[in-house]
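Two complexes are shown next, each including subunit A; its partner changes from subunit B in the first to subunit C in the second.
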Partner chain A sequence: MGDVVQVAVPWVLLAAVLLGVAALGVTALDGALAARAAGRSASVGAQHPLVETARLLRQRRRTTVAADTLLRHVAVGGFVVAPLLMVAVVPLGEWVLADASVGVVWFNAVDVLVWVLVWLAGWGPNAAWSLTGGYRFLAQAMAYELPLMFALTAPAVAAGSLRVGDVAAAQPGLPHVVWMPVAFVVYCTGVLAFSVRGPLSPAGGAAISGGVLAELSGVDRLLVLAGRAGLLVAGAAFAVPLFLGGGSGPLLPGWLWVLVKTALLAAALVVVRRRLPDVRPERFLALGWTVLLPAALLQLLVVSVVVVVRS
Partner chain B sequence: MAVSLRPLQRVLARWAVRGTAVLLVEVPGGWAARAAVERALVERGWRAASSPADADAVVVCGTPGESWGEVLERTWEQMPGPRARASVSAPSEVPGALEGLAASLLDDDAQRADAASRDLVPADVENGDDMHPAGLDLAGGEDDLRDGLEMDVLRVPLGPVLPDWPAGLVLRTVLSGDVVVRARVEVLAGAAARRDSADDARRGDDVARRLDAAAQVLRLAGADDVAARAVHLRDAALPAGLRSLSPRSAPSPSGLRSLLTSSRGAGAEEAHEVRGEAARLRGRVERSRVLAWALREADVATSSPTSGAESDAAQASAPGDLRDVGLDARRRTRDDVRTLLLGLLDPDARDDDPGRRTRAALEALPERLVGVDVVTARLLVAALDLRTDALGDDDLAAFAPRDDEDEDGDEADGGDAHAHHHGHAHG
Partner chain C sequence: MSLAFSEMSSVVLETPLPDLSVLRGVAVTALGVVAVVTGALVFKVDSMARATYLLAASFVAVGAAVVALHLDYVGVVVVLMMLMEMAVMGVFMVMLMGMNPALMPMSMVHSKRRALVAAGASFVVLAVGILLVDWPQRSSVPPEGPAGSTEGGATTYSLGDALMGDHMLVMMVVSPVMLATIVAGVVLAQAQGRYARLGDDLRGTTQGGRR
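Our next item is the complex of A and B:
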């Protein structure tokens, strides 16, 4: 174990580029699916991220009366930083930006940071729809965070380490997803919830006019949109060492397997999220505490028993 | 420097305009125009904007009456820019109007001049102090209806510029957190002279209008793909006179394209086919367990139908009962949204007097919304399929906007911090 090499800091630029390309990719897929549903050509819809980027680069930034400018900037900037912090501990084959001994906890800490970002984005503009988005996100964070935390624990317990590289190396031949599918599903639910888009993200949505996005324009909006696409990708990327066997696989080199697995999972999450209607926070709370949390705990129990028996 | 960047700016502008976000403002009587704009947006690859901050352009659909002046001006002020505006009162005007918007948005010099001419600070912002930032009152507190915790109380007008919202409807709400404490209904009317022609336009489009309302509910519920299907059917169900003028672009349910292009009118066969498709869509919505689950009310202790001191006293005496009442009310509201949605998708349902139905629904609305959260409120309002263009003059007088800014019967000294959030841009 521990065959992961920590690379020099400048490589963070490569990570940012990869993350950006993947974020464009998932947004393009989403645009293509939306265009097809509306009876239009999917290839035109796939250009959506580029067109939207051009539009927002050209648009002016806008503020509201008595806005909390500092907190608003923290939120907007934080949205692009958070996914980078997440992928920093994900090994790309044998290389990793930060080979932290508590990588799993680090990821968990960053996903809790998303609470702060969404709340500040809701609070900052001093406007009703944004604030409502913030309220609703916090309500639903209570539903997904604990199950997500226990879902993250299961692979770490199996590997006997919180180092992400160790967890990836602990599943030769048999990826964790095979024998801890419940934890995997709960984890993916958490990713859908913290990526601030789709059925499990009441912070936005048509019914509150975009919620935390309602008052953002121009570059501010672009950063938040990019950041939330990045969060989905980072969530998918972190599942690779945790559940999908990391870089292991036939023929291709490890780093390429990590990218392929990340892309496939991210695409699957996009498809799933399109098929579901918005789930209201109170509905999701009931699901989170009566189904997801017990299921995640049971999964953890099973994993722990297996680990004890095996040793 | 600026000169050398010109070609790049032009490329950027051209790409940007391909994805123009258009804020749709429907005035009573502008339904057909709004549907035509929506259709044209899809054809162009444009999209509807979710808020003024999200919008590059605003299109007023229908002919606004006098009461609209300030609303439209405020909306225009809130748009970040580059920005453009247009108004259409008939489907035939739509292609030209959208061309005009594109040209205006591409005109860098004019947009620059517009940006330079705007103040950085909204006109009516005053110098504030600690208790009145920017001259606004702070939000006041009031007990939350759900659990007795004190929440900020906000005065928030919902509408009339709100996507998937009845034309001209303004709900002056008092929100505690995201829960409606009080609400008052106002309707901003269309220009009186246009109302007769709107009557003409309404004939024979009932199925289309109900499909349109269903699409709005589905969009608000986040079921975008099902909503897209409903919009598709709506356009196929429109009487020929209300379709946009290019027959090539007239959408139709699958298998109907040939029928549509051969005869422009909504013939009997075609109407039959649309009804069949609508019934199938209804079945799809009815069978969807996910949708039913998402629309059903959760079992959390919720609101009571009373408010303020009254509710405190009542809660102290019989908290259990009140919560049951509130829970029941919310559950019923959610059930109603689903029932109403299924009713809208029922091609055989009849709506004989939309005017009277709308008036009754508007009168009952404030009471119905107390204790309901904003999302449920918007779903309910959409599902009620309120036809403000079918209201008579005396109805409109009953719901006329009032000058006084204060809420009726408002005993709390709640603030106004969020009611007027004008946007302004800085470059």
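Our next item is the complex of A and C:
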């Protein structure tokens, strides 16, 4: 472990490929689980993302009357960029794309960018269900964002640094998840909420005919679907240096451990996501402010006391 | 408001940094231009959504300029807060501005003449101030921040120290109290909240408030 090395910009291509493969993987897992739950063949379900990609690439883009095309393009493009911005500060073993001194805050800023992207994706088509989806996301964001922020703070306080590499290096032997499990659970809740899928993120739910996704078609839809899978993966990847000890582990090299941990956490999130009940935004607000936020604050208090006592 | 912020960024620009490379100077200037142009476009577009997010873009440029000035933490937090604030503000703008809800194209200006005079006058005052004030020359590099902090960390630390000084602890105590007050106010005022649903004792036994 120890210091991380900042690599040249072109390596972002490798990050994009890894992110894309992982996004395809979680979508395939999701498809397989959905197919099995519906009594169909899991392997056919696992092929669903590839089939859907082929279909969407050939589909002609559908437009709506008086749509704000510019803002829709911003949202669709942003969905591809945001996960990359998140993983840019995650060290892959000893290499990192951007060794930012405030990497933890950077991640937080990008997850707030998701608010903007989802709302713009909802606003862009000038259609009722899309707009409803965009508003729902913001309502939900009020519930998960503040607990998420404090959950991000806990490992940073323990490490005494906002640099992601330092946080990863600060947990030799004992990963943060062991002694700050509440922060980890709150963080994972936030990841499930900002990845625009599943019960904790009803912005694109079936109850509102697909919400922000309702009017998206063709390549636009493909990019947003890929982007939200990428957000889940990026959230899982960021948890690795923050809570799961970064690249530390026996036998395998650091970079491989980071990939393995990311894949396992992302898969676990996909499985858990299918088990959770639908939560309406206003009920999620009560949960967020009366359970998640106090829990995250108490966790932060415990971590701070431990840090003070230890020093 | 964005214009005022851009002015502030240009004020910072004129403070000579010991290691201000040409590249950084170009970056800060370009970001300042982006901030001013996107800020001005807020008043040219006819859609509340575009106006809101142009303002967000303006603030993001300001935040990036602050990062370029080695205040990494402050700059990224400016981006974070402004994206969040504009996302929420957009909702309120659409809800409250214009002829009921501003979902339709609408003008972003009113009282044009008075607004132009006020904007022009404040620009002149600020610009004259920038040019006339005898800005102190930086005499030394920022002192060391907390142990292990980077150059950006040290600059942020000394900025916070210069702004807050002895009052830092007071501010840090007051801010959660203020947040708690705001949250409590919203919880109590909310007609559909759990107090309205479940009664004052939150047990669902007494009929509290409206249902």
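Points to keep in mind about this one:
Everything that follows uses one rule, which is that the second predicted complex is superposed on the first by the 309 of 311 C-alpha atoms of A that agree within 3 Å, B and C clash if a C-alpha of one lies under 4 Å from a C-alpha of the other, contacts with A are read in each partner's own complex, and residues count from 1 in each chain.
Throughout what follows, a residue touches a chain if its C-beta (ideal position, glycine included) is under 8 Å from a C-beta of that chain, and two chains touch if they have at least 3 such contacts.
All values derive from a computational prediction rather than experimental measurement.
Of the two partner chains placed by superposition, only subunit B is touched by A:216; subunit C is not.
Contacts of A:135 after superposition: both subunit B and subunit C are touched. In the superposed model, A:286 lies in contact with both subunit B and subunit C. After overlaying the two complexes on the shared chain, residue contacts for A:119 are found with subunit C alone; subunit B is out of touch. When the two complexes are overlaid on their common chain A, residue A:192 makes contact with neither subunit B nor subunit C. Using the contact criterion defined above for the overlaid structures, shared-chain residue A:40 touches subunit B, although it does not reach subunit C. Of the two partner chains placed by the overlay, only subunit C lies in contact with A:106; subunit B stays clear of it. Shared-chain residue A:164: touches no atom of subunit B or subunit C. Within the superposed three-chain arrangement, the count of touched residues of subunit A is higher for B, of the candidates subunit B and subunit C. Residues common to the contacts of subunit A with subunit B and with subunit C across the two structures: 131, 135, 282, 286.
On subunit B, the positions that touch subunit A within their shared complex are 12-13, 15-21, 42-43, 45, 50-51, 53-54, 56, 78, 80-82, 115, 122, 125, 128, 133-134, 136, 154, 156, 162-164, 175, 177-178, 219-225, 228-229, 231-232, 251, 290-291, 293-300, 374-376, 378-379, 417-427.
If you check the complex, the residues on subunit A that touch subunit C are 68, 70-71, 74, 100-102, 105-106, 108-109, 112-113, 115-116, 119-120, 123, 131, 135, 138, 141, 145, 160-163, 282, 286, 289.
For subunit C in complex with subunit A, the residues that touch the partner chain are 47, 49-50, 53, 56, 72-73, 76-77, 79-80, 83-84, 86-88, 90-91, 103, 148, 150, 152-153, 183, 192, 194. The touching residues of subunit A, when paired with subunit B in their complex, are 34-35, 37-40, 44-45, 47-48, 50-52, 54-55, 57-66, 125-129, 131-132, 135-136, 198-199, 202, 205-210, 213-218, 221, 274-280, 282-283, 285-286.
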